[in-house]
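So, here's a batch of structures to check.
Each of the two complexes below includes chain A, the first together with chain B, the second together with chain C.
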Partner chain A sequence: MYSRAYKAAVGIPPLAWVAGFLLLPYALLFAYSFWQVGAQQVIHRWNLGNYRELFDNPMYLEVLFRSMKIAGAVTAFALLLGYPLAYYLSFRSRRKELLYQLVIVPLWVSYLVRAYSWKTILGSDGVLNTLLQYVHVVRHPVESLLYSPFAVVLTLTHIYTPFAFLPIYASLEHIPRRLVEASEDLGATPARTFLRVILPLSLPGVLAGATFAFVLSLGDFLAPLLLGGPSGIMISNVVVSLFGAAYNWPLGAAISLSMLVLVVVLLSIVQRAERKLSFG
Partner chain B sequence: MALPVAQPVASDLKRSAISSGASASPLLEIRSVTKRFGSTPVLSGISLDVAEGEFLTILGASGSGKTTLLRLVAGFEQPDAGEIHMAGQRLDTLPPYRRRVNTVFQQYALFPHLSVFENVAYGLRVQNAARAEIPGRVTDALAMVKMSEYASRAPAQLSGGQQQRVALARALVNRPQLLLLDEPLSALDAALRREMQMELKSLQREVGIAFLFVTHDQEEAMALSDRIALLRSGHLEQVATPREIYQHPATAYTAQFIGQTNLLRAEVKHGMARVGVLAWPCASGDGRATFSLRPESIQLAATARDGLPALSGDTARFTATVRRQVFGGATDLLELDCSGLTLLARVPSRGNLEGAWEFEFAAAAAVRVKEEGSRE
Partner chain C sequence: MTVRLRTERPNDSQSRWLPTYAAAVFAFLYLPIVVLIVYSFNGQSVGGFPPRDLTTHWYRVLASDDAMWDSVVNSLEVALAAVALALAFGLPAALALDRVKFPGKQLFRRLVLLPLILPGIITGLSLLMLFVAAGMKLSLLTITLGHGTALISVATTELFAGLQALDRAQEEASLDLGANYWQTFWRVTLPNLRLSIVGAALLIFTLSIDEIAVSFFLIGRSNTLPLEIWSRLRRGMTPEINAVSTLIFGFSLITILVWYRLRVRGRVVAEEIA
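Take a look at the complex of A and B:
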């Protein structure tokens, strides 16, 4: 129906874009990860030194595991907050559309602004410390609130809970209400109905929400930079410094590529699990 | 351990459904129930009884409130006024999961993430039935609806009719005192529907559980029910056996809703009812009156029907032109023009009946009905 010339004319620009801005950079990254650095210069010698460094040097592994722990914690909290919210909105609220908007609206506010607002809250002179001293729970401001993994987890949970909420809400909305009625008709209390019908049918959404929260948190850069302090550094901060002050592009590339592979593997596992859990 | 030949579960269900003692009190009592959605009344002061083991159909057009009534009995809605009692105890204050009532939904509502077996076992599991008993009861229930080979399948792999059977088994396995069926056959094609109607009827007789059946199909209602409750815009128009409701409709609406009829708006004077050129003896008082005359009551006059016996008793005769003749296999439906009055007649099928003929009907076949807006 459409001529070859037309197809080419329409197809080539997006393909060129993807090739130029996605495939080419990845290819470069791939190449760099096998090179070395020395004397302020990049030596184009192919070797596996960078990957060996990544596994041998305990510092990198430590940061990687910390990042995964933080991402795991954020995912857990995002689900613990996002699921009840989604359930309440889907099954128990009268003004769904309005409440839904209220959950989405924070996403319009800049990430940077929200991260900074946590700085204001958690700092030594911050809102939380002032309050704690005012009600005499503590006598001196709690220093460890800010510039710690705790602050990072708190901020990231705040940022990424809506991302966990959205797919869970979608999958809950998808559940026919007749099934809830059928379950109650057969003698199941609302609690039993939730455990046996609603929860299993919402698992694909939970999985998707967890994946969003985990993957986005794992690679997060701003929150640890602003609020992490030395103990809250995450893998993306390491990569940034390697491409910046620490000047070791090949190592930075190797770490980036490893993260990419990790996330791709994770996503494919999740995809397979989702297929098994989805029902007609 | 020698077990006797397995008792069909039907008798099991029957035994548990029959109440202790031969009480004639109704199983379900709906007392003056009213339900409003917003300011619109959907049901107004409905009172209805369902007897033990009875097959009662709630018949009505869309919007008549029949599904709402069923949902009130199931527990998915609360009445705004009135009460519902079952087996002598208050029912409408109980949540659905505490009522000894089960529902077969219009779209079956099978759990997509469970197998057929687990769907049927669901009610037993959530009510903490004896674990050892569950497999046996489930297989019996599946055998009763002829779905034994499908136990491990997923609902998505079943056809509509098969899903409906599973829904039935899922409800019946719990041995409810009352089974509610919300237009369970309307999603099936005609042939399958007729087959399922017969199976449903014999199943009900077998298990002896009271069925409260909702439909808009009057043929289905007449075929299946012990009694029909005709619902119209939230009011009960008539509650009677199929034969009674067909032969002696109380109102013009009933006469027209169930089967076909001729509505004759006549003037009664000195023992004769007259409309147009039609006249027949009538015992009711003088004044305006509406009569329902079923098409099969109108036959070709004796002189025209060679060799067939004449109608006994008071008969009315008239001449009419056959405007249209619709072949219907065993019978023909004739559209008659009786000096301007249009009538429908159903006669045994014969050749072309073009032209003017003499017809007759028994005066007793003209049943007086109430009509709204008339002075009666």
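Take a look at the complex of A and C:
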């Protein structure tokens, strides 16, 4: 139906961009991961050394597992916070459009500054500690609020809850209200209606939100850098230092590539699950 | 006109906890912002609760901070260029995805949308390798290319949604009346997409202004605003950073309200036409 010229015009620019700025860089990442570093230079000798290092050295696996645990915790909390919020906005709120915008607005405040605000809140003489001492829950400031995995999980949950909220809200909005009405007409309690009608129909949104929260927090390096302390280091911090002071681009590339593969695999699994769960 | 369905009555006997819970989540989302704004008036430069000696001193310091404003200008330049780049490539991509059948379409779609979900560090590092291999020096240009690459996905998504909502009949009528594809595109398709394009542009602009993960690896000698803030944070926090962030928050709030107004007006117009 469309002329060759039209197809070329709409097809070639994005394809060129995909090839040049996505595929080519990923190919370079791939290549680098098989090289080595020595004497301040990258040696282009193809070998599996980096990958062997990843599996043999327990430090990398430990950091990776910690990162996945943190990402898992963030995802769980983001869903726990985001789903009820989305449900309230979609089904119970009179001003859902305004409230929707209010959920998004914090996203426009710089990530860095929000993370640093949490530092102020969690510090030894910060908001939270002062409050806890004021109500006599503790007598001395709790040191481990800051510079710990707890601080990282808290901050990342704050950052990524809106990302979980958005697709859940979208899928809840898509549910035809007459289905809910029908369920109630047939005598189901609100809880039953929720469990058997609303929740299953909203699962694609939940999956999308969970994927966003998990992948983005897994690859996050800013919050751990600012608030994690030595016990809160995540896998991306390792990569950042390998490209910085630790100067080992090939090893950094190997880890990055592994993360890329992990994300792509995760996405395919989620997409397949979504297809099975969607009703048409 | 919306009919109030039974399920949307907010005073049902159940779920008194739900509104409270929702309010608590909102409080959680806004706590750091409130803290941020309050502390921008902090008389002392160290943290500590409660803030003492409220003052507008830091806003005055900010006004004469040239390095900060240079980075703001840099950020604006990069953001505008990123918007142009993202739209220039995102529009053909959206058109191709919406209308043209070609082999490997699914793969193409996945690749185009990948930077949306990929952590910024991977996009940033892979592009760093590209620029190093190409012998390019890191600069605002490389940051712009990085932002463009990451944000084309956003443009494609928004424009694709806009195209899907478009009424094909108008285009078909135009073609039937003798216009060719280009004329139809310029005079029928594009004007109808205006709302999507503006919405995408605003979104991309705001995302670019705060972008840090990708920029982190592509920075040359000139800083963008987030990177300037980052380098200051390493030396220690001052409420001046709170001040500039409060201003950004205010600015972004206004941008969102403008976007919202456009959307609402567009929908009202559409409803009046329908």
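The rule is simple: the second predicted complex is superposed on the first by the 262 of 280 C-alpha atoms of A that agree within 3 Å, B and C clash if a C-alpha of one lies under 4 Å from a C-alpha of the other, contacts with A are read in each partner's own complex, and residues count from 1 in each chain.
Note that in this section a contact is a pair of C-beta atoms (placed from the backbone, for glycine too) under 8 Å apart; a residue touches a chain by one contact, two chains touch by 3 or more.
Predicted, not measured: the structure shown is a model, and the values here were computed from it.
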Return fit or clash for chain B versus chain C, each positioned on chain A through the superposition. fit
I'd like to know which partner A:L262 touches here: chain B for first, chain C for second, both or neither. neither
Who does A:G187 touch here: chain B (first), chain C (second), both, or neither? first
Thinking of the overlay built on chain A, is A:A273 touched by chain B (first), by chain C (second), by both, or by neither? neither
Partner chain in contact with A:L132 - chain B first, chain C second, else both or neither: neither
Go through the superposed model and pick first if A:P84 touches only chain B, second if only chain C, both, or neither. second
With the two structures laid over each other on chain A, which partner does A:R196 touch: chain B (first), chain C (second), both, or neither? first
For A:P176, is the partner it touches chain B (first), chain C (second), both, or none of the two (neither)? first
In the overlay, work out which of chain B or chain C sits against more residues of chain A. C
First, second, both or neither for A:A246, with chain B first and chain C second: neither
For the combined overlay, can you note the least CA distance between chain B and chain C, rounded to whole Å? 5
Shared contact residues on chain A, chain B side and chain C side combined as an intersection? 178, 181, 184
Residues of chain A that touch chain B when the two form their complex: 176, 178-179, 181-189, 192, 196-197, 200-201, 279-280
Taking the touch rule as given, give the residues of chain A at its contact with chain C in the complex, in rising order. 2-3, 5-7, 9-15, 17-18, 21-26, 28-29, 32, 81-82, 84-85, 87-89, 91-94, 99, 101-106, 108-114, 116-121, 123, 125-127, 129-131, 158, 161-162, 177-178, 180-181, 184, 190, 211-212, 215-216, 218-222, 226, 236, 239-240, 243, 249, 252-253, 256, 259-260, 263-264, 267
Please give the residue numbers of chain B that touch chain A in the complex, ascending. 74-76, 95-98, 101-103, 105, 107, 109-113, 122-123, 126-127, 154-156, 170-171, 174
Can you name the residues of chain C that touch chain A in the complex? 5-8, 10, 12, 14-15, 18-19, 21-22, 25-26, 28-33, 35-36, 39, 47-50, 88-90, 92-93, 95-96, 99-100, 102, 108, 110-112, 114-115, 117-122, 125-130, 133, 145, 149, 152, 156, 181, 206, 210, 212-213, 216-217, 225-226, 229-230, 233, 237, 241-242, 245, 248-249, 252-253, 255-256, 260
